[in-house]
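Listed below are the structures to be examined.
Note that chain A is present in both complexes that follow, paired respectively with chain B and with chain C.
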Partner chain A sequence: MWRSSASFILDKHLNNKPISITHSIDSPPPPSASMADENPNPNPISAYYETRAAHHGIVTSEWLEQAQAAVQRYPDRENSVSPVSGSPFSVIEEFNSWRQQPDLAEAVAAIRALAAVIRASEATTMMELEIELKKASDTLKAWDTTSISLTAGCDLFMRYVTRTSALEFEDFNSAKSRVLGRAEKFGEISCKARRVIAILSQDFIFDGCTILVHGFSRVVFEILKTSAQNKKLFRVLCTEGRPDKTGVLLAKELAKLDIPVKLLIDSAVAYSMDEVDMVFVGADGVVESGGIINMMGTYQIALVAHSMNKPVYVAAESYKFARLYPLDQKDLEPALRPNDFNVPVPPKVEVERSARDYTPPQYLTLLFTDLGVLTPSVVSDELIQLYL
Partner chain B sequence: MESRRNPRAVVDPKVRQVGFFTSSQPDSSSTQQQQQQTDPIPASASSPPVSTISPSGNSLSPVMIPPPRLNSSDTFPLRGAAAGASSAVSPSSFSYSNRRDFPDGSTTASPGRHSRGSFVKSSAPVASSLPGIGMDSMAAAKSSSVPASGLTTVSVVTMPPGLAEKASGMEVQSDQKKNPKSLKEKTTKAERRAIQEAQRAAKAAAKADGGKVPPGTSASVASTSVKVAKPAKPSTQKNEVSVAAGVTEKKGGPSEKDRKKDAPHPRMQYDDESRVVKAKRRAVVKQTEAKNRVELFRHLPQYEHGTQLPDLETKFFQLDPMHPAVYKVGLQYLSGDISGGNARCIAMLQAFQEVVKDYSTPPEKNLNRDMTAKISSYVSFLIECRPLSISMGNAIRFVKNRIAKLPITLSESEAKAALQSDIERFINDKIIGADMVIVKHAVTKIRDGDVLLTYGSPTAVEMILLHAHELKKKFRVLVVDSRPKLEGQLLLRRLIKRGISCTYTHINAISYIMHEVTKVFLGASSVLSNGTVYSRVGTACVAMVASAFRVPVLVCCEAYKFHERVQLDSICSNELGDPNAISKVHGREDINYLDGLTNNANLQFLNLMYDATPSDYISMIITDYGMVPPTSVPVIVREYQKEHLLV
Partner chain C sequence: MPDVQSMVAEFVNKLRKRKIEGSQATAKCTVELLRSVISHQRVPHANQAAALIDAVKAVGQQLVAANPVELAVGNVVRRVLHIIREEDLSLTTAAMAGLDLLDASDDDDIDNCKGIGYPAMSAAVVAAAARSTLRPPSLQTLLEGTPESATVPYTSSSGADSESKTADKSSLTRKLKHDVIEGVNQLIQEISGCHEQIAEQAIEHIHQNEVILTLGSSRTVLEFLCAAKEKKRSFRVFVAEGAPRYQGHLLAKELVARGLQTTVITDSAVFAMISRVNMVIIGAHAVMANGGVIGPVGVNMAALAAKKHAVPFVVLAGSHKLCPLYPHNPEVLLNELRSPSELLDFGEFSDCLDFGAGSGSLQVVNPTFDYVPPNLVSLFITDTGGHNPSYMYRLIADYYSADDLVM
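Coming up: the complex of A and B.
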């Protein structure tokens, strides 16, 4: 799967844009560091969405600049993060320390944490190492069952790292270093993914177009930012993104880049759809049917766009491909989230608190992934090839 | 050359045992036909030795080949065809005698057989035994319009026998080579180019002349150019002689081809009368065809059921080449005792296991090839009993592939053991094991409070429901059924015995009942490359109603049933059931409206067995490789077949 990664595009573009990605180490402590402690995650609120909310609080352009500066100042720090053995190693702690970096997707954090597991492992045989890795990934998955990308990232990492026949013929140390190399490479690819997608999608944004976006997707933001840097003239309609107002945040960031932005309430999508040329959404997870699981409201936007023959583009990194196959909206692990209606909810009234919905593949036009621009049906093909 | 020749001599006898037609009647009739066809032509040739040939032509083959060969009549259809073709050409006698020149030349010598033997030895190793002639005759039939070679052979025939023997030795030889050659020559580039050039030249000339008299000149130019082209022949011939010999060599294994022709094609077009007649001649099962058939479905076989069973049962001890296990399975197919894709496939494979167990390689034969031939003949018998399902086709392909891939170094017992274990593994992994995996996947989709609809009696779905019940999931089952088979009642019985709450209805009520359904589980006979599900008739109807009600449709199908074919409708490939099954209602004597009308020319019964559901109506296909959308079927077919070849 990753052999076919389109990341070569990055290398081509690297000359033009020296500063590409920033996975920084010196991240300022996030405001909600406390939640890292609640390991079994007892409350029904989806940890995934809490993390997202925490990140949204601080992903600002100023912060990114700082982070970049920090990376440039200490370019060699990345390698020194490997934990000092001695104290009992915990995947969750490692994962949380990675997760606190706002620009790092949860799956990438998990991948890095798992790579750290390999590094810290004291196993002496391949089998032991594999079991240890399996245990770690299971712990991670159990930490937050609602996060699709976390689960998918862990699964893919396991497949990618352990699926090599060459391991059986080597002595343990070289095999381990090989596994470690693969793990690093996987982390690298995952980090670059967003950049690759941004570059791939440039062909689809033309001058004078109007783009509807929903929610705050870091990939979509990257795409729009790249287009703006490429001097494309376009207009963006942002939905409000209730209840956590992610759309407002995105609108603010886009306005900083001097992109004309208009903010809509979520229920005005159909009203303004006729002036829209294309819809861009991110994804929490891409499922086997080729459909996506994304923030609540994506499904209805896709439905409206489909009925008005507007293309719906999904930007998603390939580590979000999950072996799930929901048949309908309710066929999912529910991810709940507090809903703030700004007014006291009357008693005896039930509140729908689900945070995401499932958009079936027939309403999607294309998926922009780091494997290339795919039609929805290719997702399943890639997954079959990877898992079988 | 020698080394190539020898194996063929070994291969030849194999042909004789292929084909399970023991009844001598069709054969004798065919030989009679043969004689009828051969007789008049020598008469027209009116050369005394030739007239004696026609019987000798038939008695000739026993020289090289033991008697059973005659009965199996492998080369005869070929010859008959050749004769037919050549006689259709107007100067038939020439081409015909040309075709026969080889045997003629040799047999005219009075001590024919001996001399022939020596001739074969002395003149050239290339001179082939009968298969070669078969080949030759084929080539000649094609090339019958080439007069030159025909002329030379006439001279051969008229030559006194003694002389002809030695003189014609080489000539016949060369003729033999020339014939395939000359037929190729007809279409060689050189000639065509010459004609083209001539035409071009004519055009140029016409232009130069100012368009005065083109037709005549161009014709003459063309003719001359053709003449020019003719001398060019020999030179190319020399180059190609060896090639031609090689070609005859390859074609010379007529056995393989013929045997393939033996088995009726799985999708034979039954509205092609000549083929049907041919197939019937070979058939063991004498099915009587139904008279009134629906126009669109004439290409499918339709038989009056129930007539042939006793007849076949009596034949049980006569059918020598048929293995009893295969015979039993065939009869069970015929009577309908075994139905359902998996059951039929497993029964067939187990019969094949028996075959392998009892198999011993005949002397001078190759296990790989002989076994494949045997399996082919059994398969054609099974097809006569009931058309193959796609899953069975895949299983047969697997078995044949395994046989072909057997290492030549294995001893017979080892090979047999390997084969048996391979078949065993196929049954266990691809059918039984696959069902387990499907059940495991599908159960995750069943939630408390579900109302599940199923149609007919798919085995995989039954296992899923039972397993979900064992897991204490609370759900209700709606069994939809249809006439005439009413398989759903069997399923219903088994489900109720386990204490699952069920509703039973017929497909007529599907649109009423669908609104309360939460999921539809269907089985499939096959899933095709474009995601089309080929299944029990009525499935498409259920799937369409379900998708109209926005109820997810889950199709459970083992991956070995996937096929790379693409089918858009259920017409071109289907199976017709017994028309009586729909015209009569058993146990209801009061419903007799159609009595006495079954043979009415205005009444046609259509009892289709399968239909094709387009992939649009299918939400998910559950296979042993997981849950996939119908668009991913080609990927699985690709991966699966790769595995097939590698394992």
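Coming up: the complex of A and C.
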């Protein structure tokens, strides 16, 4: 990458020019508002993190402006999404209505929305139905190009639901109802995935252990909640999770369950690592190599844990398995997030605003998924079986 | 039947008192016991596989509870259950294929079948769907409805009844048991022959003028080294004595009797000698699903030494040692503490020892096993060949069914 060489100085000059050009283009990248006039940095903000922020009620002024701009944009989108039949069904609308529930994962909302597309479809042949689904799936994916679980969920849905072995019927209606059945089943499985994962991981939490968690993963929270309900005695160290402060929220929720919690700043992880027995993290996506993509800071924690021989356990539902193979940190689609430093940033200073990082598989011990307990090397096997 | 009950009770007793030593002997006895259970079990006409599975599971639970540390017992019970499921599956798909051929020629049969509400799927599809129930859940098979495909073979067999194929049905009954017993016999042969299978691969791994390190005594390792010697490789062996039982001494004697140049060292000298060693070969007590190894106490130390000096650490394990469970606290849960008398003489130390009451406060801990995490192991050699630790999950998927993991 050019950044590792001194040529970045030259390139920066070149970069300053295109800003004025994007000014005039109505920027297509869906997740962003074109803030070129107000903000010198035109890069897109990840809508995924906006959603999470919205759930937790964290509102920054930047976010508000973007939200306003986005609301103005959505009516455009809905018109372009109207399906072949012309009825006012919009997959984005459906998706948004599912997304409002804070407990529901984004990918599951997408899966439910796609199932609704099948239900509302007026296609008369299998091919037509598939095309409709593909269009809806592409729209959903385009809503947030940076969310891996959304893309993976949509891809898996398309794969499952249109597998030909299930569709050896001459009658279209029974085929369609079968496809709908599979779609609903997939939605159900994805919803129940968290329960399954929580039950699987109970054995690994023993009495008197200290668990380190990073960020607010709903799967990990479910695991800890189940352990507390099973009357296990354990302690949780929670990283702050800057800049979202999601760690503080998790600490609040855990304290409500009477679990002893200790909050750490992100930099205190290495300092506290020797009193930790295991690390639990969630995942935004699980990639082909068996590594995970998760909130910024996960890679750091995994490195520290690995060097001190602490196991790192990942809790991820199976619909997060994505066909990606990042070779380094910069191989991911950039998902950016506004960083609030509490002080105004001096004008010439750059800010690293990426929201997530990639943790290679050699730093992970086990993955808990609804398919069972897996070692990282099993992930590629699973993906190959499904896609090839 | 009471005969079988008494056999089971006797075996449970032997396991509890740890009278049977070694995972191979335990595995063989367990399989033979299960074979008698199966052959004495009366099976109903419908759902016979389920009856067999229930019977084997009931006995299996008793056996595992008697000696939870001897993982070979649980492994072998699960293998037998997998065999039952597989034989059942192949029989029903054969029956289905037979049924389909008849349907094509006879109109009444087709009406009969459709009347039951049985969808017109080809036998291949049903076979594929049912086979997926045997494999562990994967992304690919996540949505293959398990109850659906399980009932399909049974409705087909009741369909066969209505077509007055009762003669065929009873032969099916006998066939399942017969096939299962055949499968079980094959398993016994596999367990007995695992040493030879593994020893055959010795020549590929041991080279001329190499120095091999081993710890304690393992029959598999002995056969492995001797097979290489037979093929005219000349090499040296360092044997760590394996305190407190000092079984390394026995192994050293055997090796010398077969003409190999052997050196005996103490366990503490492993780190000192490791730099002069080309390869470490160890026999395992059990191999877990993540590739971790349960071995005699001291192997973890040898593994760490080998890792530090970049010496390949090779583990020999027969397929009956492969356990489908993930270890979550193996040092405690999968370990056994033996009598302290092996370490200290009671007479000499009786005044210091902690007996609960009195003045002594000396405690003696004598663990039997050690856990080696998968990142320290370079290669597993099983009777099917050499494998990476991260590959073990594949072998588990081949040998075991997902439904049997929790007994």
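We take it that the second predicted complex is superposed on the first by the 312 of 388 C-alpha atoms of A that agree within 3 Å, B and C clash if a C-alpha of one lies under 4 Å from a C-alpha of the other, contacts with A are read in each partner's own complex, and residues count from 1 in each chain.
We take it that a contact is a pair of C-beta atoms (placed from the backbone, for glycine too) under 8 Å apart; a residue touches a chain by one contact, two chains touch by 3 or more.
What you see is a predicted model, and the numbers here were worked out from it, not measured in a lab.
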Report for A:Lys185: first if it touches chain B alone, second if chain C alone, otherwise both or neither.
second
Considering only touches as defined above, state whether A:Arg323 meets chain B (first), chain C (second), both or neither.
first
Most chain A residues touched (candidates chain B, chain C)
C
Touching A:Glu288 in the superposition: chain B (first), chain C (second), both, neither?
first
Have a look at where A:Ser380 lands relative to chain B and chain C in the superposition and call it first, second, both or neither.
first
If we overlay the two complexes on their shared chain A, which of chain B and chain C does A:Arg195 touch? Say first, second, both or neither.
neither
Just chain B (first), just chain C (second), both, or neither: which does A:Arg112 touch?
neither
Once the structures are superposed on A, label A:Arg356 by its partner contacts, choosing first (chain B), second (chain C), both or neither.
neither
Applying the touch criterion given at the start, work out whether A:Asp331 contacts chain B, chain C, both or neither, answering first, second, both or neither.
first
For chain A, give the residues common to its interface with chain B and its interface with chain C.
377, 381, 385
Which of the residues in chain A end up touching chain B in this complex?
288-290, 323, 325, 327-328, 331, 361, 377, 380-381, 384-385, 387-388
Chain A - residues contacting chain C, complex:
156, 160, 165, 168, 182, 185-186, 189, 203-204, 206, 318, 321, 366, 370-378, 381-383, 385-386
Looking at the complex, which residues from chain C come into contact with chain A?
121-122, 125, 128, 136-140, 142-143, 145, 289-291, 326, 328-329, 374, 390-391, 393-394, 402
As the complex stands, chain B meets chain A at residues 445, 519, 552, 554, 619-620, 625-629, 631-632, 635-636, 639
